[in-house]
Every structure is written in structure tokens, then in C-alpha cells.
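One chain, chain A, links the two complexes that follow: it is found with chain B in the first and with chain C in the second.
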Partner chain A sequence: MPVAEGKSVQQTVELLTRKLEILGAEKQGTFCVDCETYHTAASTLGSQGQAGKLMYVMHNSEYPLSCFALFENGPCLIADTNFDVLMVKLKGFFQSAKASKIETRGTRYQYCDFLVKVGTVTMGPSARGISVEVEYGPCVVASDCWSLLLEFLQSFLGSHTPGAPAVFGNRHDAIYGPADTMVQYMELFNKIRKQQQVPVAGIR
Partner chain B sequence: MADVLSVGVNLEAFAQAISAIQALRSSVSRVFDCLKDGMRNKETLEGREKAFIAHFQDNLHSVNRDLNELERLSNLVGKPSENHPLHNSGLLSLDPVQDKTPLYSQLLQAYKWSNKLQYHAGLASGLLNQQSLKRSANQMGVSAKRRPKAQPTTLVLPLQYVDDVISRIDRMFPEMSIHLSRPNGTSAMLLVTLGKVLKVIVVMRSLFIDRTIVKGYNENVYTEDGKLDIWSKSSYQVFQKVTDHATTALLHYQLPQMPDVVVRSFMTWLRSYIKLFQAPCQRCGKFLQDGLPPTWRDFRTLEAFHDTCRQ
Partner chain C sequence: MEAPPVTMMPVTGGTINMMEYLLQGSVLDHSLESLIHRLRGLCDNMEPETFLDHEMVFLLKGQQASPFVLRARRSMDRAGAPWHLRYLGQPEMGDKNRHALVRNCVDIATSENLTDFLMEMGFRMDHEFVAKGHLFRKGIMKIMVYKIFRILVPGNTDSTEALSLSYLVELSVVAPAGQDVVSDDMRNFAEQLKPLVHLEKIDPKRLM
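And then the complex of A and B:
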């Protein structure tokens, strides 16, 4: 969702939430997703000049007891929240990147069986963009309900509706899980990090 | 009005009857007075007795006369309340204190209501009889004599037969898996899993489907003690709607003589929900209406419609 000309991130978020409320969505508290980047410590790198891998440790308020650890294009590990303590112990192997923490905070809306989360993505002190997550609970196979989701997105995003996320293509018949959501958030955060001030919408 | 008038004509007779009653009462009290006073004021015992008997006889004659008079008058008065449509309650209209107790007008209102109710109920029962929703073999017209014969055939079927029918249906639809269990005696409960879309709990009585509940594929269908949860509904609005439609389908598919065909057609209908989230409405061409996908499936064509888009 690009920020409209001459308007701040804050104003665009307000515009979005107002549209949702006109649609009939009910406010249901807030949500928060955060992500911290770790890179493999220099001392453990092989002599072949192999590049250090990046690992992302993420939390989602939707799953308050879990902690997600993801590698780029790699596996996703779902652990208890104690995992954070473990990361401190693994300092020798994984080092936290300085000022890499990126998070999105916002309001959670419910409209029929849809769950909509509109959040402001912040990195450090500055707002970088807007994330829109749409979840359709009754359907467990993402590709089955994509056209349905698209129609719903058009109803409040208008012409800014994004294309189908990559997750859908890879495994078109698999059951959607929390990890899939986190992978999408990770990709979204990475995009925001690379492109300054060009926000993208992530869709479940 | 006519009743009020006829009562007015008889008023004369009424007045006479009332005075006749008064006369009767006084003559009767005279009899008792005479009995109370006894024999007295006569010189001889015989004279006293004679005078007393004569006096007593006179009194009784006058009682008799008054009574006859009253009977004659009562025939004249007649029974005015008989021919009133509300019978004795019609006399309430004569009550002069209308404002304090509007009993009569309320009574008329109630009478009209009940008349209308009877009329409408008669119409409704006529219409309902044309489109009977009874699913068992004994229909309305069947006489009481024949009824016991028709009943046992469809309700008491061997368990093996039920199992066969269900497993045949299970094999018929590859994307549908049916798990049969009998937690409470002979009645079967089916857990139907349709693709990765939904789960349906079907409660059977012999080969009749008694109840269905539709839930999401990721929803829990068991209670805490591991039994099928046949009471709680789905937490998603979509599946609550589909549950309603499935119940409608149960009433639609009925063929008392061939219960297996009914189950098969119901399952065929249910199978069309495999595209619940993928099929747009055949009428408006959209996916969503009020946040819900097309939840209705036509009974014959199995096409998808929104609840409000179907004819």
C-alpha cells in the first residue's frame, strides 16, 4: 500500500482503518509482529570465504507463546518463547545485528470470518511503511481462497491490490500454518529494509 | 340489538315474576309462622286442632297457588340468553358501567381473534398437507389400521446393511472420507471429511439422517473425552451458514421407501462444497456477499449461489 502523495504514513493508516470500519469490520484490540536479525559470527565462518547466513528471530502477538526462527529461503523453526534466552547463550555463533530490529504494530479487525491487521512498520524510530495482513480462517489451503481474498482486498485497497504471494505457488495444496505467515512478514520486512519508503502489502 | 329488544318486551313478565317470587316467599314464611305459633287461643283441644289444621291448609294452598303462578310466568319470560351468539356472556353488554370494566368489548375482540386464528390455521394446515415434510413412511392419509405395517421396514434395518450403504458411498467419492462409529448403541454417527475444506458430523437413525453439523477442516470435532461433539456449532460464520443449508437439504431429500437413495443424494449434494471457496456465485458472479462466499448449492444442479441470490 503506497503512501498517498502528500500524506504521512499515519494518515494513510487512518484512511485504511476508516474504510474497514465503513465496511463493517469490528475492532478487536491490537497486534504486533517484531523481527530481529542475527548473522553468523565471523569466527565460525569457514575458510572458503563462505558468506554468513542471516537468521531472523520473530515474534507474533497472535501466537504469544511461540518464537519463530527463520533463515532466508530456508527452514522455519517454531519454538517456545524461551528461545530468546537460548540465543543469548549462542552469542559465539550468532550475533545480533546492530539496530536491526524491525516491527509492525497496529489494530486487529474482524469482518465475518476475515481477520484484518493494519500495521505501521517501524525500524528504529522512523515509520517505514504499512503492512496489511488478511487472514481467512475457514479455509486451510491458501490457493483455494486466493480469488476470494482478492475480491475482499479490492473492496478496501482499491487499485493497490497486490499479486499472489510466492508462498502460494510453491506448495499449492499444503495446509497453511503460522510459519507461512511469518515467512511472508520476513519477506515484507526485507523488502522494506532494502527499498527505503516503498511499502508493500503482505497477504495471507 | 335484537336481543336487547326482546329482553325489553319481556320486562313486564319479569316484573310480574319478581312480584310472584315475593308472594311465594311471604306465603312460605307464613307457613313457618303458623307452625311456630302452634295451637292456641281456643277453648277446647279439638277446636284448637281444627283451627290449626284449617289455618295450615290455607297457608299451604296459598304456597301452591303462588308457585303455580311463578311457573306460569317463568314460561312467559322464556330464555332470552339462549339465542345470543355469546350465550350468557352476551348479557355482559347490559352492564351499565362500561367504562370501568370494558369486559364486553374485550370479549368481542378475543372472539374475533380466535375466529380469525381458526380460519388461518385451517388454511395453513391445508397448504402444509400438500407439501408434507414428514420423512417417515407413514403419511397423513394412512389410516390407523395400516400404520403399524408401514413403520418397521424403514426404521429397523440390519446394522450390516447400513454399514454397506455407507461404505459404498465412501468408495463412490474419492475426495470424501467417511468414518462410521456407533458410540451410543445402534445409531450410527458419521464423520465426513471433504477434501481440505470442511468436516461434517452426521447423526443417523437407521438410514435416516437426523442431524448434521458442518465445521471447518481445522476445527476440533471431538469433545474433551474423545467423543464426537454433536452439539457445538462452528466458530466460523461460513460453516454455520452451511450447517443451516445442510439441514434444509435433509428435509428436501426424502424418499421414505428408499432411504439409501436419500443418503446418497445428500452426500452428492454435500460433495459440491469441495469448491466452497473457489466457486463464484452463478447469479452475481462475485465471491463475497456480506463477507460470506456462496454457501448455497442448488439441490438439482449443485450450482453455487449466495444465500440471497438463489431463487
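And then the complex of A and C:
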């Protein structure tokens, strides 16, 4: 469940990772989540009479053989990696929004049943923010473990702990799945895209 | 929009373009048993496999003359199997001596909300049908003998009627682009099925 904050990026990431290591988390390699945006090309709009929609195609290194495609407030399709090949074929109908690729890369930590991923969100060459994802392995129903997650988040995020993600809005008791994680990442990336570029802090 | 001939396209994003090589034929219902018997002898030794699939064909109409076609297929008898999305390109016109129909093919396994997702993308369903039959394998070759059923009430797969009194026989291979030796192997195998069934290269455009 990703959380975002943006300060002076590099230092904040180091602060967070040091806190996690002091807590006792073990470093377990790296992770990457990326997102590309496509919009329906002008040629297909006339026949549908509706405004162009944005489609997000995302990948998550946690699920290396999958590709996630979603519409905002719409269905999220989980497909295998050949979906990217299909998007190339659909070039005439869906165009990639310019300079829209956004990704987060960082380290993966394991702390007992929690999986924590702290990453730097970058758009092109510039770092735009930080993403923190915490996953509680044993539980699949969100409402059952939200308070536990909140407590854990508070232990190392302090005042930056977020509220319950919108994804749980009306489905507190539904089984949580990878699609829900991707929806949260999409919302996070959109929020970061809308923000002004984070000013580069002086090196201390 | 016609995609450029696939064999000219570079390898994009680390994936190689896959081609489907296809030969088709048909047998009347009463000859089915003898064909199955011969196929069981010629093909790889495995449990006879039957399938019952529901296929929906979706079109995306754009400014271009020809709409983009995608085929969504789901298994009706195997619970939990992923949906199968398939794109088939235009047949490669290259070599007249090539024994099989060759076209670019992209196969994607997806989650169950595929139809909702395609509708959201702007696709509309053109037609649907149910396919019921047998599946055999020999090495990389796949042989399907199946009957097509027309769906009488859209969306209701229980009320179907057979389209004809015959079974469609398809011999297909999905292989990377440029492997023409595949079509020779297919022709050799097809020879062994004569005179029960004549498998040949059928150009879909000639039927329209």
C-alpha cells in the first residue's frame, strides 16, 4: 500500500532506509514499478462520441510475468507480458502520451510478515517524489489488518502516515489483490505528476 | 492501418514476433471417428483432450478502412483457466510456394474482466460462437478438430445450434518469424491425413 511524501528526495530515502534497518528489516534486493500512459487517438473519437480516455499500462517487478492495464475508475486488466507487444500493434488507435513514463525504483525490505519497499519516483531524468509501499503478507482482507498496518507505518513514518487508501472505499471486506496495489500506484503517480517539480535541495 | 510486413520489423522490446502457420480442412460428421482414430495414432501419446470454448470477436473501428480485430476466448469446461486474447495479422503474401497460411500472431493470457476492459478501450463485439471438439499435439504442431455452434441468444451460451454438419480441422504452429521449414513439416503431416481430410492453405480474404 503505497504512501507518498516529497522532500529532498535522496536524503529522505536514506533516512527511511536507515530507520528500517535499525528496526531490523533485511534488505532483499530491489524493486521497480513503472507506468506508461496512452490516450485514444483522435481518429477513434468521432465514432464513439466521448472524450478521449487515458489508459495506464503498468509493470511491477513483484509480478515479473504480468502486465497491468487500467483505466481511471475503470476495470484493471491483468495480462501477461505479451500485452506490451499488442500495444505496439495498437499504435494507430492508442498513442503514448509524450514524456509520460513514470517509475519508482528502490530497495525491498522484509521485516517478519511485512514487506516494505521504499523507492524514488522519477519521471525522465528528474526525481519527483518518494513512494513507500508496505504489504502485510498473511492477510488478504483489507479491513482486518488496516489498524496493524497503520501502527507499523507510524513506527517509522511518524507524522507522514497516510489515511486509509481510497481503494478500500466501498469494498472493505473484499479480498485484496495485485490489481488493487496497481490502482494505488496509479493514483500516487497521478498525484506526483500534478505536483510542481520538487526543487532540488542544496547538498549538506 | 496495415502494419508493415512483420519480417521486416525489428525485434521490439526484447520480444520476437511470433507467426501462426495454418492449414485448414473439414470432415463430415460421419467421418469424425476415423479421423480421430488416425490422429490418435499419428500424434503424441497423451490423454485425449476435448475442449469447449466460447469465443468473442471484437472490433475497434477507427478512421482507417479496416477495423482492428481481437479475439477473446474462454474455456467453458475448465474452471480457473485464464482468458485468451489473440491478435492475428494480415496473411503474409510473400512466397506463393509456402505451403501454409502465415500471419503475425500475438497471444495474451488475461484475467476474467477482459470483455469489460475491451469495451472500455472502445472495442465492440462483432460476433461470438462456441467451439467444441478435440485437441491433438505432435511436437510443436497443434491439431484441432472442432464443431462451431452459433449462439442463438447473444450472451447465452446454453442455447446453441450447430453451424454445419461437419467438423473444422485445423493444423497450426506458432513459431518465431522466418522459420519456413515449419510449413514443410506441416505439409508432410497433412499428407499423412489424406484421403480422410485435405488440409490446405485457405486465404480468408477470398471467402469475403
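Basically, the second predicted complex is superposed on the first by the 186 of 204 C-alpha atoms of A that agree within 3 Å, B and C clash if a C-alpha of one lies under 4 Å from a C-alpha of the other, contacts with A are read in each partner's own complex, and residues count from 1 in each chain.
Convention: a contact is a pair of C-beta atoms (placed from the backbone, for glycine too) under 8 Å apart; a residue touches a chain by one contact, two chains touch by 3 or more.
Please read all numbers here as calculations on a predicted model, not as lab measurements.
**Q** Is the arrangement of chain B and chain C around the shared chain A a clash or a fit after superposition?
**A** Fit - chain B and chain C, as placed by superposing on chain A, sit side by side.
**Q** State whether A:152 touches chain B only (first), chain C only (second), both chains, or neither.
**A** first
**Q** Considering only touches as defined above, state whether A:139 meets chain B (first), chain C (second), both or neither.
**A** first
**Q** How many degrees, to the nearest 10, separate the directions from chain A's C-alpha centre towards those of chain B and chain C?
**A** Computed from the C-alpha centres, it is 90 degrees.
**Q** With the two structures laid over each other on chain A, which partner does A:39 touch: chain B (first), chain C (second), both, or neither?
**A** neither
**Q** Based on the superposed arrangement, let me know which partner A:19 touches: chain B (first), chain C (second), both, or neither?
**A** neither
**Q** Examine A:101 and indicate which partner it touches, taking first as chain B and second as chain C; both and neither are also allowed.
**A** neither
**Q** Of the two partner chains, chain B (first) and chain C (second), which one does A:193 touch, if any: first, second, both, or neither?
**A** After superposition on chain A, A:193 lies in contact with neither partner.
**Q** So which one touches more of the residues on chain A, chain B or chain C?
**A** Result: the larger residue contact count on chain A belongs to C.
**Q** Determine the nearest approach in Å between the Cα atoms of chain B and those of chain C after overlaying the two structures.
**A** Nearest C-alpha atoms of the two chains are 16 Å apart.
**Q** Provide the residue numbers of chain C that touch chain A in the complex, in ascending order.
**A** Per the stated touch rule, the residues are 1, 3, 12-13, 15, 17, 60-64, 68, 85, 87, 89, 106-111, 113-114, 116-117, 120-122.
**Q** What part of chain B is in contact with chain A in the complex they form?
**A** Touching chain A: residues 196-197, 216-218, 236-239, 276-278, 280, 286-288, 290-293 of chain B.
**Q** For a test of understanding, state which residues of chain A touch chain C in their complex under the given definition.
**A** Residue positions touching the partner: 40-41, 43-44, 46-48, 53, 55, 69, 71, 74-86, 88-90, 92-94, 179.
**Q** Going by the contact rule set out above, which residues of chain A touch chain B in the complex?
**A** Residues in contact with chain B: 24, 111-114, 136-141, 144-145, 147-148, 151-152, 155, 173, 175.
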